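For reference, the structures are reproduced in the following blocks.
In the two complexes that follow, chain A is the common piece, with chain B as its partner first and chain C second.
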Partner chain A sequence: MTKQTVAQGSGLLLLLAVAAVFPLVFTNPTATNFAVVTLVFVAVASAWNIFSGFSGYLSLGHAVFYGTGAYFLTVAANDWKLSAGAIFWLVPLAGLAAAVIAVPLGLVALRVRRHTFVVITIAFFFIAQLSASNLSVTGGSSGMLVPQPNWAGATFNNPFYYVALVIAVATIVLAWLVRRSRFGLQLRAIRDDEDRAAGLGVRAMPVKLAALVLSAFITGMAGAVWVYFTGEAVPQFVFDPLFDLAIVLMAFFGGLGTVAGPVLGALVLQPAQLWLNLEETNSYSSEILFGALFLVVILFLPRGVLPTGAEYLSKAQAWIRRRRAAPGETAREPAAGADDAITPTSAPGGAA
Partner chain B sequence: MGTEIAHAIADGILGGGVYALMAAGLTLVFGVLDIINVAQGILVVLGAYLSYVLSVHLHIDLLVGLLITVPAMFVIGVVIYWLFIRTLRGAERTSMTLLACFAVALIIEGVLYREFGSNYVSLNAWYVNQSVHIFGFYLADIYLIGFGLAVAAVVVLYLILYRTTFGRAVRATMQNQTAARLIGIDVNRVAALTFGIGVAVTAIGGMVYGSITSFTPNSGYDLISRLLAIVILAGMGSIGGALAAAVFMTTIEALVDIWQPDWSIVVFYLAMVIVLTFRPQGLFGRHAVRAQ
Partner chain C sequence: MTATLRTEGISKSFGGVQALDDCSLTAPAGKISALIGPNGSGKTTLFNVMTGYEKADSGQVFLGDGRITGAPPPRVYALGVGRTFQLTRIFPRLTVLENMLVPAQRGRSARQHREHAMDLLAFTGIAGHAAALAGTLSYGQRKLLELSYVLVADPAVVLLDEPAGGVNPTLVQHIAERIGELNKAGRTFLIVEHNMDFVMSLCHQVTVLDSGTVVASGPPEQVRSDPRVLDAYLGVGTDGDD
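Let's look at the complex of A and B:
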C-alpha cells in the first residue's frame, strides 16, 4: 500500500517536472500554443467533472462561465488600461465573476430533475450567447480585442503556459481533495440517489450549489486565460456549443467522476482537435469526426477509458494469476484475489 | 400601432402552429421514451434542405415534396433510434441519450455544411411570397399554409394516439413501460416508431420554416433552443401543453419584436425561467420534481 503510494507520488512528481520544463524543451511556438490551450482544457474538464461528474447533474452550459470569465477579463483590461503582466491579476477576479453568475443560475436550474437540468443549462447557454452578441458592453457580435503584451515572439507563450499550468494543477489537486472529503461523499450520494441522500441528512441544494459555484470559478479563470491568450473575444467562439460538448466528451472519454479521467481526456482529445484544425481548414470534418467519436465513447465506453481499461486489466491479471496458480499450489491466491475483488464493485467512480 | 399589434398577434399565432408541431414531436418522444432529442432542431433544418433539394434540383413543388420528405424523415428517425439509442440502458439513460442525440446532431450539421456550405438559402414556391387580405391586414400565404399543415399534422397525431391500437400501445408505454411490456406490447417497436413519428414531423416543420425564413446548417441551434424552451415551459411530456406554449411564446415574441427585435427571443427563456422558479415541473408537467 505505502509502496504504491510512493510509486504514485513519484510518478506524479515526475509528470509535474515534465510539465514544468516543457516550454523550455519544446520552444516551437506551435507546440507551446497547443500546450497552453490543452492545459486550459485540463482545468475546465476537471472543473466540469467536480460538479457534473461527482453530482451526476450533467451541465451543458459551462460555456456560460467560461465566457463570463473571458468577457470579464476583456472588458476590464480594456477599461482599466492595465499593463501586460497586470492583466493576469484579473484572472482570479474573472473566476469570481463566473462564480457570482453561477449562484442565480444554480438556484433556478438545480430545482428540477436531472435531465431537465441538462436542458435548462443549454437554454442558459443560448441566453448568454445572445446577450454577448447584443449588449454594447461586450462589443456586440463583432466582439472585442484584448490588449496584447509586446513580449518576444519566441517566449511569448511561456507566461500563459505557466499560468495555465498553475490553474490546471490546482484544479486537479482540488478535485482530488473534494473527492476524498465529506463534501465529495455528499455529492456522490446525491449522484447515486438524491432522495435517499436527503433522507440521510445531506442538504442537497447547498451541496450541489457549492459544487457548481466552485466549478464555475475555475471555468471562469480558465476562460479568462484563454481569451487573453487568443487576444479576441467574439461571441460565437467564446460561447461555442462545441465547447460544452468537448469538455463533456473529455470527461466521458477518460472516466466520468474520476480525478484522472477528465485530465487524460483533455490531454488526448484537445491536442488531437487542434492538430485536426491545422490539417483540415474546413470545420465540418472535425465536427463529423467529433460527433462520431462521441457516439463511439457513449455506446462502447460509457464509463470511460480509465475505468473500463482498469476493469479489463484486473480481469487479465486475475486470468494470468489463475493460469499460474492452476498447476501448483493455491495458497498465494486469497491475498491477491481480495485485492482484485474491490476494483469491479467500486468501478463507476472507483478508479481515481 | 394598433394594426401592428394585431398583425404581430396574427403572425405569432400562425407561426406558433409550426413550432407547436415540432415541439409536439419533441415532447411525444420524451413522454414515451424519456429521451430528449436535442437533434430535433438540426433535423428540422435537414427536412428543410430535403425540400430544397427536391424543389431546386427535381422541380417538385414543396407541398408535393412532403409526400417524399415525411416518410424519409420517418425512416431517418427510426434508423437513428435503432443504431444509437436503443442500446443505451441504465440509470443515466436519459442523460446518455441526450448526449447521443447531440452527437448525431453534430454529424448531421457537419454533413449539411459539407453538402450545402454556410450560405443562407430559402425555399420558394408560387405561394411563398403571396399574401391575402383578411380583416384589414395582409397575411402571408405561407403562414396560413404552414398553420393549416401544422393543425392537420397535429390532428393526425391525435388520431394516431387516441384512435388506433398502436396509439393505445404508445400511451400505455408512456404511462408505465414495465406494465406495457407485461401485457404484451413490444416496447422496442413502439419506441422506434414513436421516435420515427417525432422526427417525421420535422419534415413539415422544416418545409414551413424554410419558406418563412432563410436558413443555414447553423439554424438548428436557434430552433432547438426555442423548442426546448417551449417543452420545458409546457412541462416535458405534455403534448397539449406544448401546443399551447408554442403559440403563446411565438405570439409574445412577435409582440416584443415590434419594439426590441434583438431581444425578442430572450422572452422565451425569461418566461421559462420564471415558470420554473415557481413550478419546476412546467405548466402542464405531470412528473414530480424530485422523482428520478
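Let's look at the complex of A and C:
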C-alpha cells in the first residue's frame, strides 16, 4: 500500500465515522432533516453519474425512476397496510420497480444519442408526470399520503438518516467498483466513441442498458426513502423537473464521470438549497441562484470543481518542483507531441 | 492465425449515388493487399460494409468459408477482422493503456490482458506513453495506438484505412515495417492508401476501385502499367513512373 492509499483510506473512514455519529451530535431536527435529504441526493447524484457520467448519455428523465420508487412505496404501504418499520422493507422493492421501468425506456431511448436522447428522456418525464396526475392508482393530482410512524419527535429522523446513509455509501462504493471494472471501461469507451468501441467488440446496447437499469434501481430506492420521509406523494413534487436539473448540476459541479464529484456536488448544493429555502421567504430565489450557478459551472468549470482543481494543483506542484530544481538542471518535460519519440522493439510473443 | 477476406458482388447506394456497384475483391490469406482508387471511389464504404458499419444493398462478404454479410461490428471483430479508421479514432479521455483494454478478450486473465497490451505498445513503439491520456498524443502516435489496439484480440485479418495518411516519412517507414513484421507472422492485411510508394513497396496485390467498381486487380507491377488504372486513377498523360 502506498502512502497515498493509506491517507485516502483513513480520510474516507474518518468521513464515514463523522457521518455515522452525525445525528447523535446534531440532534436538532432541522439539521437531521437536512442531512436525510442531502444523503438521498448523494445517492441519486452518484447513481445518475454511474449511467450518465460514465456513458456520456445525459439523462434528464431520472425523476421517472425516482417517482416510480416513490409511488411504489406509497401505494404498497397503503394497500398492504404495513407497520412503520416494515415499510422500509419496501425500499429495495421500489428500486426493483424503477429498474423494471428502465428496461423498456432504455430499449427505446438508447437507440439515439446526444441531444435526441436528452429530448426523449424529457418526454418520458412528462409522460410519467401526466400519468401520475391522472391515474386513480396514484391518487390523481391530489396525491396520496404515506402512513407515518408514531416515533418520538426528537429522534424521528434518525431511522431515515441511517437508511439513507446505507444507500448513499453503497452507491458510492458501487460507483467506485464500476469505475475500476471492465464494465466501467466499456461505458467510458462508449462515451468517447461508441462506433469505434463497437468495432473493437464492445456490445454497446447491453452495456448502456445495464448501466441505466443499475442507476434506476438506486434512484428508485432513494425516491422511496424520500417519499416515506416527507409523508406524501404529490405528482408535481414526486415528478419534479427541477429534480433532474439539480442532480445534473451536482454531478457537473463536482466533476462529471468521477466518483467523488457528484458526492461533493450533492454535499455542497443540497444543504445550500435547503438553507436558502428556509432563510428566504421567496422560495424561488434558490432556483434562480442555482440556474446562475449552472451557467457559471458550464462556462468556467465544464469538467467540474474536482478535475479542474486537481489540474491546478498538479500545475502548482510542477511549478514548485521547477523552482526547487538546481539552477542549470532543466526540469524534464514529457515529450508529448514528438513523433520521434518512438522506440520500436521486436514483435511481441502474440505476433510471432 | 490467418484467413481470406472476400466480397462478392457488393452494391450499395446512398440516395441516388451508387457508391459500390457489383464490387468483388479478395484479400488472400497471409498477404498484404492494397485497395486504391480516386477519392469518392467507394474504398471506405467497402470497408464499412465488410466490417458491419454499413449494410450492403446486395452481395456477400466472406471470412474464410464463413459468410459474415450483415454481421454487426462487435461480431465482425469477434470473428477476427479488425479495422482502423481514415481519421484516427481513439478514446481521448482514456489513458493509452486503457484504450488497449477496451477490445474484448477471451481466455486471458486481466493480468495477461495487460501484459499483452504492453507488449503490443512496445512493438509499435508507444509504450512510454501508456499512462498518458490518449487525447494528448500526436497524430502519428494516435495512428500507432489505433494499430496497436486493433491487434489486441489477434485478428486474422486487419483492415487499415490510410495508415500512412498525414504522418511524416520516418513514421510512414516505421508503420510499414510494423505491418511487414505482422504479416510475416501470417496476418492478412487489406490497406486503403494513397501513398503509392508505400503501396507498391509493401503490398503483394493491388485492387483498383473507380466509381464503385473494380477496374483492375493483380500484382503491383502489373496494375501500375494497366491503361485503365492510368486513366482512372493516375490520370491520363501520366507516364506511370515511380
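Convention: the second predicted complex is superposed on the first by the 324 of 352 C-alpha atoms of A that agree within 3 Å, B and C clash if a C-alpha of one lies under 4 Å from a C-alpha of the other, contacts with A are read in each partner's own complex, and residues count from 1 in each chain.
In the analysis below, contacts are C-beta pairs under 8 Å (C-beta built on N, C-alpha and C of every residue); 3 or more make two chains touch, one makes a residue touch a chain.
Quick caveat: nothing in here was measured; it's all calculated off a predicted structure.
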Touching partner for A:Glu194 - first (chain B), second (chain C), both, neither: first
Contacts of A:Val103 with chain B and chain C, given as first, second, both or neither: neither
Partner chain(s) touched by A:Arg203 [first = chain B, second = chain C, both, neither]: second
Which superposed partner A:Leu177 touches (first chain B, second chain C, both, neither): neither
Shared contact residues on chain A - chain B and chain C: 193, 195
Complex contacts: residues of chain A adjacent to chain B: 56, 58, 60, 108, 111-116, 118-120, 122-124, 126-127, 130-131, 134, 193-195, 241-242, 245, 248, 252, 282-285, 287-288, 290-292, 294-295, 298-299, 302
Interfacial residue positions of chain A with respect to chain C in the complex: 182, 185-186, 188-189, 191-193, 195-204, 334, 336-352
Residue ranges of chain B touching chain A (in the complex, touch as defined): 34, 36, 38, 84, 87-88, 90, 92, 94-96, 98-100, 102-107, 109-111, 113-114, 221, 224-225, 228-229, 232, 236, 262-263, 265-266, 269, 272-273, 276-277, 280-281, 287, 289-292
Sites on chain C touched by chain A in the complex: 51, 53, 72-74, 76-78, 82-83, 85, 89-94, 98, 101-104, 110, 116, 119-120, 122-129, 132, 136-138, 140-141, 144, 149-154, 167-168, 170-171, 174, 177-178, 181-182, 185, 187
